[in-house]
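Okay, got some structures for you below.
Okay, so chain A shows up in both of these, paired with chain B first and chain C after.
Presenting the complex of A and B:
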C-alpha cells in the first residue's frame, strides 16, 4: 500500500515534470542566452535582437534553420524509439555518419537505376545504422552487455573508420575537400524555400514522425516494445519475446539515424564530407530528452535546438559575439537534460 | 536477572493499511543468552527488530538497553549503544577485501587522514583469531563462500564492539555444515557475554541453539519460553495459532477428473548450491479442483510458481499439459498453450504500472486485438470497459493501472487471467494484502472456475486460505513434497497438522496422489 501511494504520487510528479520540465529547460536556456549576451557583448541589445529574431527575419535564415532541424528530428526519433523500449542508444554519431556514407556510395553506384536506385541507397544507409544499433542489442541479448556502453564504443570506432574511408579510398580527387564524390543530380531533393537550403527532406522527416508515432501506438509490435520498456518482467510474463525487444528497437533506432544521415546527404550536402555530421547524434539525444521520447514532440524540440544554433550564427555574423555562444547554450541544455538521463538510467537499473 | 534489552509495550502501526505490525510487544533479552524470535511470515518479527536497530520508530512503548532508557533513532544510535544487526541480505562490497569491508565506515587512519590498510588488516585478523573464524582477511569478498560472507558480516559487528547482535534468518542461505559452524560461533559469542537475537522459523534450529524462544503471531508476542521446556510441536502450535474454521462450499471433484497439469520428478538446481530448490516434485492438478500448495517461505513455493510461469527452467523431470510435454518451453509458448497465471508480485510481474488499465488487460491476448499487425484501439477500450464492469473494478480504461488501489489492481489482473484461461489457472498469493471483501471476491471467482471444470492451482502461504478453499493440499518442505492431503484428510486437516508438515516435523510415509 505504501508503495502504491508513493507510485501514485510519483506518477503525478512525472506527469508534471514531463510537461513543465521541457518548457523550463527551454526557458532557462533562453535566459542563458540573455545573460551570455550581457556578459560577452558590447552591444547586448543588438546581439539579442539578431539572436532571437535573426533566424526568422527572412526566408533564407528561416529555411536554413528548419533544414538544420531535419537530422535532429531523425536522431530524436531514433533515441525516442530506443528509450521507449528501455534501451539506450548512444551510438547516434557513428550511425548517422556511416549511414550517410553508405547512402552516398550506393547512390553513386546505383545512379543508372534512377529513382529506384535513390530509394535503395537510402534504405542501405538506414540498414547500415540499423546494423550498428542492432549489434549492441544483440550483444545485450547474448551476453548481457550494456547497450549504452557498446553502442557508444562501436560508434566511436565507426566514426574513425568512416573518416578513413572518406579521406582514403572514396575521396573525390577532383576537389580540395575531404569528401566523397557527389551523388547524382537526379537524386537530390528539391529545394522548397529558395534561396535557403531547406528541401523536401522536411516532408520525409514529418512522415517519419507520423510513422514512428503510428508504429508505437497503433501496432502490436509497438505495443510489445512499449510494454517491454515499461516493465520487462511484466512483458515476459505476458508472453512477449523480450529478447527480441532488446534487438529490434536498437535496430530501428540505428536505422532512423542512418536514414537521417542519408537524407542529409540527399537534401543538403550531396557528398559525404568529413565530420559533416559531427554533433548531430548527440544533439538528437538532447532533442529526444527534451521531447520526453514523444515522437510528436520531437519536431518542436528539434526546431528549438536548430533555432539556438541559427540564432548564434546570426548573432555572430551581425554582432560581436562568437559562434561558441551556441555551444555554451547547447551545453546548458545538455546539462539540464542530463538530470533526466541519469534518472532514466537509474530507473532502468532498478528494473533489472 | 540482568537484561541487555528490555522492550516494553512496543506498538507499531502502519497507517497506510492500519496494520498493527507490532501490538504492545514486551520482549526481554538477557545478558549472554541466545534468544530465538520465531513466528510465521508477517508475524511482526522483523518490524520489532527494525525498531530495536533504529530502522523504524515505534508509535508507542519504550526501550531499555543495559538498564538505561534509550531512544534509538537510527542504526548509528544503535551501534553507539552496542547493538548490531546482520541482515538476511549481505551488505558487502564484492571487490573489497574482507578487512576493507569490515572496517568500512570506521577505518583506522594514519596521520589523521590516510587509510591505514595494514592496521585494518591487523585489527581484523585479531577479530578472526579471537573468534576462530576461517576467513583470510586479505581475500576479496567475491571469492568467499556464502558462509564466509556471513562470517564477514558478523565480524563487521564484532569489530564495532557490539554487545547485542541481531541476526535476521541467518541460516536461510547456509548449507547444513555452514549452519553448524555458525552455531559454534554464536555459542562462543554468548559464552563471551554477548547477547544474541536470532530471527527464525526453523524449529530444529530453535531447539539446537537458543536458551529461550519468543513467539510472535499477528503482531503480538504470544510468549517467551525456556527452550528446554517446550517441544517442537508446542512451538509450532504457538506459531500457527488455533485453527480457524472458515469453510467455503466444496464440490465433489468427481471421478472423471483428468490431470491437466502434471509434474513428473521435477527438480530445479542452482549452480553452487547443493540443496535443490525443487526436489523431485511429482503431482497432477486435475480438472474441476482447487489444488492448494502450502509451505513456509524459502521452501520451494516461489520456485514452483516460477516454473509454472515458465520463468525458471527445470534441471530434470518433465511437465505435461493435457499429457503433451511442455517442459522448459518458455513463458511465451506456455501462454500460447493456455497459461493463465496470477503472480504473487502484482507490481513487478503482474502489471506495468505506468501503462493504462486497457493496455494491462490485453498483454496476454494482444493477438486477438490485432489485424495485420495493427491493433484495434476501439475494441481494446470496449474490452477494458466490459471487464471493468464485469469485475466491478473502480477505474477507467485510460487510467494508468498504478493509480488504482491494491485490491483493484488485483481485480484487473484476475479479470485478465480469468478471461484468458483455457483449462487451468495458477494463482499465487492471490489475496495477499487484500481486505476481507476483496479476498472473498477472489475465492468466489476461484470456486466459479472450478465449477467450470478448470484445474485451479493455488499457491499460498496463508494456511487459513488453503484450508478454506483447497480440495487437495500439497505441502512443501525444503523443495520437496512432504505431504499430500486429499478428500477427508484435506477437509479435516488442522493448522497444527499442516504446520507440523510445513516445518519439517512430520512427513507422510507414502505420498499418494
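Presenting the complex of A and C:
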C-alpha cells in the first residue's frame, strides 16, 4: 500500500517535472505579449486587458476561441501520431485544405443520402488527407526519401491545386466570395453556444483525442507504432513490420488533418473558401510540440494557441494593435517549442 | 494511459468551471447606442492602403465625423482572407458599440445578412453592392455596367485606331482577380457591349488571376494576352493590377481603368480612367442616417446620370489620346450622362 502511494507520488512528480518546460514556454510567450503591447500600443493597459480577458469576456468570444481550437486539436493529434512513430508530417496545410474541399464536394454530391452522405463525405475528406500523408510514408518505405521533405512539397503543390479548384471549376457562381457551394443545411453541425460559432464539432474533437489515446496505448498496433518510433531496429528485431509503420502513421496523421478540415466545414464555414485553413497545419504542429506528442495534452495546447489568436483579435478590435501581434507571439511559441533546452527544463538528466 | 485519462477528465472539469460564469456573462452584449449620436464602423474587406475605393470610404466617414458633433468612426481592416470576414464582422457587431456598419463590397450583403440574424438591431449600409428586402441592410449599387460600357467604348476606339501599340486584331482584354456576379453580369458584358458599339467584330479575352494580390500572375496573364493580340486592357484586380502596368510598360499596351485615377501608374499608356464618387455618396448617406431618413431593406442603383460615376478627362487623357478619339469619346460620355445611350441593365 505504502509502495503504491510512493509510486503514485513519484509518477505525479515526473508528470509535473515534464510540464515545467511547456509551461515555461507558455510563460515566455505571454511575457512576449506584454512586451509587444508596451512597444506597439499607445494604450498598453487596455490592449493587455483585452488580450488576456477578451477571449473569456462573454459567450461569443469564449465560444469562438474554443471553436478555433478544434482544427488545431485534429492537427495536433495528427502530428502526435506521426511523431510517435518517428515520422515527420509537414504536410498539414495541404492535407487539411484538400480534406476540406473533398468533404465539401462529396457532401454536396451526396446530399440525397442524408446522414449517411454526411458521414461518407467526412470519411472521403479524411481519406484525401490520409492519401497525401500516406504517399510520403510510401515514398519513404519504397525509396527511402525523407517524408519531412516530401510531405512538405506535396502539401505546397496541393494547396495551389485546391486554390485553383475553388477559384475555378468548383466556385459557386452565385456568391461574391471565392468559395464552393455550401454543404446541405442538414449536414451542418449544431451550434452549441450561440451566437458563437462553437458547434458539436467540439465533442468530435474530444472523441478523436480519446480514440487516438486509446489506439496508441491500448492496442497492439499502437504499441508497435510507438516501439517503431522509439527504436526501429529494436522493433524490427522484435518482429514488428517496421516498413508498415512508415506508411500507416503518416496515413493516419493525414487522415486526422483531412478530418479536421471536413469538420471545420461542417461546423463553421459550410463552404470551402479559398485559404480558409491557412496556418492551421503549422499551428497543429506547434500544438503537438507543446503537448509533447501526448494526445490528452493536445487539448490544452490547442486551446492555448486559440487563446492567443482570440486575444490578439480582441485586442485589435478594442485597441490600436494589429492582428500581427498574434502571428509574432505564435512564431515565438513555435520557436521556443523547438528548443530542446526549454523542453527539458525540470527533467532529470539521464546516462550519467 | 490512466494518468493521461485522469488529466483529460480533470481538464474537462476545469473547463466546465471556467465556462459557467463566462456563459452567464454572455447576455450583456447588445447595449443600445446613445440617441442623437452616431457610432460608425467602417468595415474594410481588405486593406485601405492601395485601394482608392476603400480610401474614399474611410475618408468619407472620417470627414463626416469631423464635420458633425457626436459622430465617432472606427475603421477596421479585415484583411484579404475572405473566410475570416464574417467572424471578424460578427465580433465587432457583438460589442454593441456601433449604430451602423458601413462597407463597400459586393460580397458584404450576404455576410451582413448572416451577422444580422444574430444581432437583429444592427444596421448595415453597403455601397457597391445590392440586396433588397432585408430590413437591416441598405445598399447602393454603382452602375458598373454603365461604367464598363463607356470604358469599353473607349477601348474599342483605341483598338481600332492607328495608335502606336494598337494592332489589327480586334481583341481587347479584361483581367479580373476573381469571378463574382457583379463582374460576370455587369462589368465584362458592359465592357464588351461598349466596344461592340465601335466595331461589332471586337471580342474580349477574359482571364482570372484567382486572388487580389498576385501581381506576378497578373503579369503572366497580361503577357500571354498581349501575345494573343490584346492591345487594350481593363482590370479589376486590386494590388495585382501592378503586374498589368508592368507588362504594359515593358511590351507596349493600353489600359482603361475602372473607378480610380491610375493615369500615372503607366504614363502614356493608361488612356482613360473612370471615376466613382464614393466619398460623396458616403457623406450623403451618413447625413441621411443622422436625419433618420435611411430606408433599410431597399437598394438604389447610381450611375453617371446621378453624378456618382464619371470619367477623369484630365491632362493625361488629353496627352495620351489623339483628338479624333477624344472627340468621339467625349460625345459618347455626354450622351451617357444625359441618359441618351440605350442599354438594358442585366439583373444581378
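The rule is short, and it goes like this: the second predicted complex is superposed on the first by the 321 of 352 C-alpha atoms of A that agree within 3 Å, B and C clash if a C-alpha of one lies under 4 Å from a C-alpha of the other, contacts with A are read in each partner's own complex, and residues count from 1 in each chain.
In this section, a contact is a pair of C-beta atoms (placed from the backbone, for glycine too) under 8 Å apart; a residue touches a chain by one contact, two chains touch by 3 or more.
The structure displayed is predicted, hence computed values, not measured ones.
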| item | value |
| --- | --- |
| Partner chain(s) touched by A:335 [first = chain B, second = chain C, both, neither] | neither |
| Contacts of A:235 with chain B and chain C, given as first, second, both or neither | first |
| Touching partner for A:297 - first (chain B), second (chain C), both, neither | second |
| Touching partner for A:221 - first (chain B), second (chain C), both, neither | first |
| Touching partner for A:178 - first (chain B), second (chain C), both, neither | second |
| Winner by number of chain A residues touched, once chain B and chain C are compared | C |
| Partner chain in contact with A:203 - chain B first, chain C second, else both or neither | neither |
| Contact residues common to both interfaces of chain A (with chain B and with chain C) | 11, 218 |
| Touching residues (chain side chain C, partner chain A) in the complex | 1, 3-5, 7-8, 11-12, 18-19, 22-23, 25-26, 28-29, 76, 79, 81-83, 87-88, 90-92, 94-95, 105-107, 110, 118-119, 129, 178-182, 184, 208, 210-211 |
| Contacting residues of chain A [partner chain B, same complex] | 1-5, 7-8, 11, 218-221, 223-224, 226-227, 230-231, 233-241 |
| Residues of chain B touching chain A in the complex | 14, 16-17, 309, 311, 331-332, 334-336, 339, 341, 343, 347-355, 359, 362-364, 366-367, 369-370, 373-375, 377, 400, 402-403, 405-406, 409, 433 |
| Residues of chain A that touch chain C when the two form their complex | 11, 15, 56-62, 64, 163-164, 167-168, 171, 173-179, 193-195, 197, 206, 209-210, 213, 217-218, 269, 273-276, 278, 294-297, 299-300, 313-314, 317-318, 323 |
